[in-house]
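These are the structures in question, set out in turn.
In what follows, chain A forms one complex with chain B and a second complex with chain C.
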Partner chain A sequence: DEAVILPAPPDLSVHSTNMKHILTWSPVIVPGETVNYSVEYQGEYERYYTSSHWIPSSWCSSISTPECNVTDDITATVAYNFRVKAILGTQSSAWSTLKELFNRNSTVLTSPRMKIIKDGYHLIVEFEDMGPYFEFNVTYWKKSPNSQELYKIVREGGSLEHLVTMEAGAEYCVKAQTVVEIIERSSAFNQVECIRAQDESHLL
Partner chain B sequence: QEVHIGHCRVQRAILQELWRAFQAMKSTVQALDHNTETRLLRQEFFQNATWAEICCLNYSLLDFYLSNIFNNYHTKAAELGILRPFITLANNFFVVLKKLQHCKERGMFSLSENSERKFQLFQKEFTKVCLKSWGVWELKGG
Partner chain C sequence: LRRCLISMDIHHMEKSFQGIKTAVQAKDSFQNITILSASETLYNITSSDVCCMTKDVLQFYVDKVFRNHEESDPRIQRGLSTIANSFLHIRNALEQCRSQKNCYCRKETTSKFQLIVRNYEQMEVKAAAIKSLGELDILLSWISRNYQPKATT
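What follows is the complex of A and B.
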């Protein structure tokens, strides 16, 4: 039967949120057939010193879905290029590449999900685990006239962090932002959350 | 910690990335290295050096490694199954090189005579090591 001319996968782009990078493209449709794809990449070093070298992506050497998690491939804050080709049996399409190179410093940083807990008079905060690159810049204060803002850096999510020992009956407020040092950026602050310590009598 | 070379700052996170990649390939590479007497980089290389000299030497070393080591061993790294940490090192070296390049362009450091001599010493040692390993390669009918 007449060989199908496989088009190169179009619309290649990277969507990145909170340092998770997903490469997507539009599928190549061949009626009645399953088309696979292969993904390769180049960092700025390869482009500058060894331009012929392309590296197979960690997880997407032969996949059937038109998307690939390239988070593990991007391990430096430099501009990366990706290429994808379609594969059908012994046939491969031409490579298609990104229109614009991708640098992880363009990732979208969302403000962190945060839980504040009181354990007796102790004010404790917990953040979701967002991965190895994330720290949390916490600002907290006692809600009273001319109270002072205090700051703390929480080095990783997924664990409880003691902020302050509260005064009986006082209300304390907390807000936080993520900090990703490797790209020298941080997110917006999240919603302020406040909590009131028990009154002294309550504990007797 | 971080590295501050004059006004150039290399974040802790980049150093951590470099360290992880180095650890991931160190044992594989060292297992193949039978020439253990030659030391390319000596302690005194940076001793009593000004920060401008350190900046300059680091710049020369990084550029040297990227131009001479990494592009000659790319295929070997793939064969040894250490390509991923290998290219992580290369691209993060490239990040640091660009930061130092930025300082160089702003005239923050220039190749002083002393650092020029030190770097030539390093290159001589490297050439010696290369010749020795090519010699061994020849003897083995490489």
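What follows is the complex of A and C.
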């Protein structure tokens, strides 16, 4: 039967949020058949110094879904290119590549999810674990005239961090942003959250 | 102290190298020779010369070492690619730092760097490249010691 001419997978692009990078493309459809895909990449080094050299992606050498998590491939803050080809049996399509190179310093940084807890008079904050690259810039203050903002860096998410010992009956507010040192960027601040310490009498 | 404050993922580079170190060093058939001669070169560098030495050594690795090694194992390719691209990023940052902060080289530092190049050029190219790749742990720990993340400086 007539050999099917496999088109190169179109619409290749990288979607990156909070340092998780996903390569996607439009599927190549061959009725009644399962088309597989193979992904390779080049960093700035390969492009300038060994331009013919492409490296097989860590997780997507033969996959059937039109998507690949390339977070483990993008391991430096330089521009990367990706290429994908479709495979059907012994047949392979041409490679398609990114229209624009991708650098992880363009990742979208969302403001952090935060929980503030009072344990007695202790004000405690907890952030979601966003991975090894994320620290949290915390700003907190007592809600009272000419009160002063205080700052703290929380080095990792997923653990409780003591902010301050509160005065009885006083209200305290907290806001935070993520900081990713290796791309020298930070997110917007999240919504301010406030909490009131118990009154002194309440504890007797 | 004229250090250049650079954001770099030294932990990831060290982790990448640890993953391929045994395989890379096993390919080195001249175990009793050193190219970096760390005790005569890297470990004697004053902090004001760190910037210059780093720039020259990384340039050397990018221009000569990675280039002269052909690797067929994808796992090792990925590890070396992480380090090569990270070196490129650091070198680009040092270039900017150089123009701003005179990260120039004193004669003494240049001659230490020349010793590394001479050691390299005395060996056959592929043997020299694989040996230098095997010595990446020495270079990475030296870089790690000399560059603190900005937040802690």
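The definition used in the following text is that the second predicted complex is superposed on the first by the 204 of 204 C-alpha atoms of A that agree within 3 Å, B and C clash if a C-alpha of one lies under 4 Å from a C-alpha of the other, contacts with A are read in each partner's own complex, and residues count from 1 in each chain.
Definition applied: a contact is a pair of C-beta atoms (placed from the backbone, for glycine too) under 8 Å apart; a residue touches a chain by one contact, two chains touch by 3 or more.
As the structure is a computational prediction, the values presented were derived from the model and not from experiment.
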{"item": "Touching partner for A:G43 - first (chain B), second (chain C), both, neither", "value": "both"}
{"item": "First (chain B), second (chain C), both or neither touched by A:A76", "value": "both"}
{"item": "First, second, both or neither for A:E184, with chain B first and chain C second", "value": "both"}
{"item": "Which of chain B and chain C A:C173 touches, first, second, both or neither", "value": "neither"}
{"item": "Which superposed partner A:I153 touches (first chain B, second chain C, both, neither)", "value": "second"}
{"item": "Partner chain(s) touched by A:A8 [first = chain B, second = chain C, both, neither]", "value": "neither"}
{"item": "First (chain B), second (chain C), both or neither touched by A:I63", "value": "neither"}
{"item": "Shared chain A contacts, counted only where both chain B and chain C touch the same residue", "value": "43-46, 48-50, 55, 58, 75-78, 181-182, 184"}
{"item": "Footprint of chain C on chain A - complex, ascending", "value": "43-46, 48-50, 55-56, 58, 73, 75-78, 132, 135, 153, 179, 181-184"}
{"item": "Residues of chain C defined as touching chain A within the complex", "value": "7-9, 11-12, 16, 62-63, 66-67, 74, 77-78, 81-82, 84-89, 149-151"}
{"item": "For the chain A and chain B complex, residues of the former touching the latter", "value": "43-46, 48-50, 53, 55, 58, 72, 75-78, 133, 181-182, 184"}
{"item": "Parts of chain B lying in touch with chain A, wherever the complex brings them together", "value": "11-14, 17, 21, 66-67, 70-71, 74, 83-84, 87-88, 90-95"}
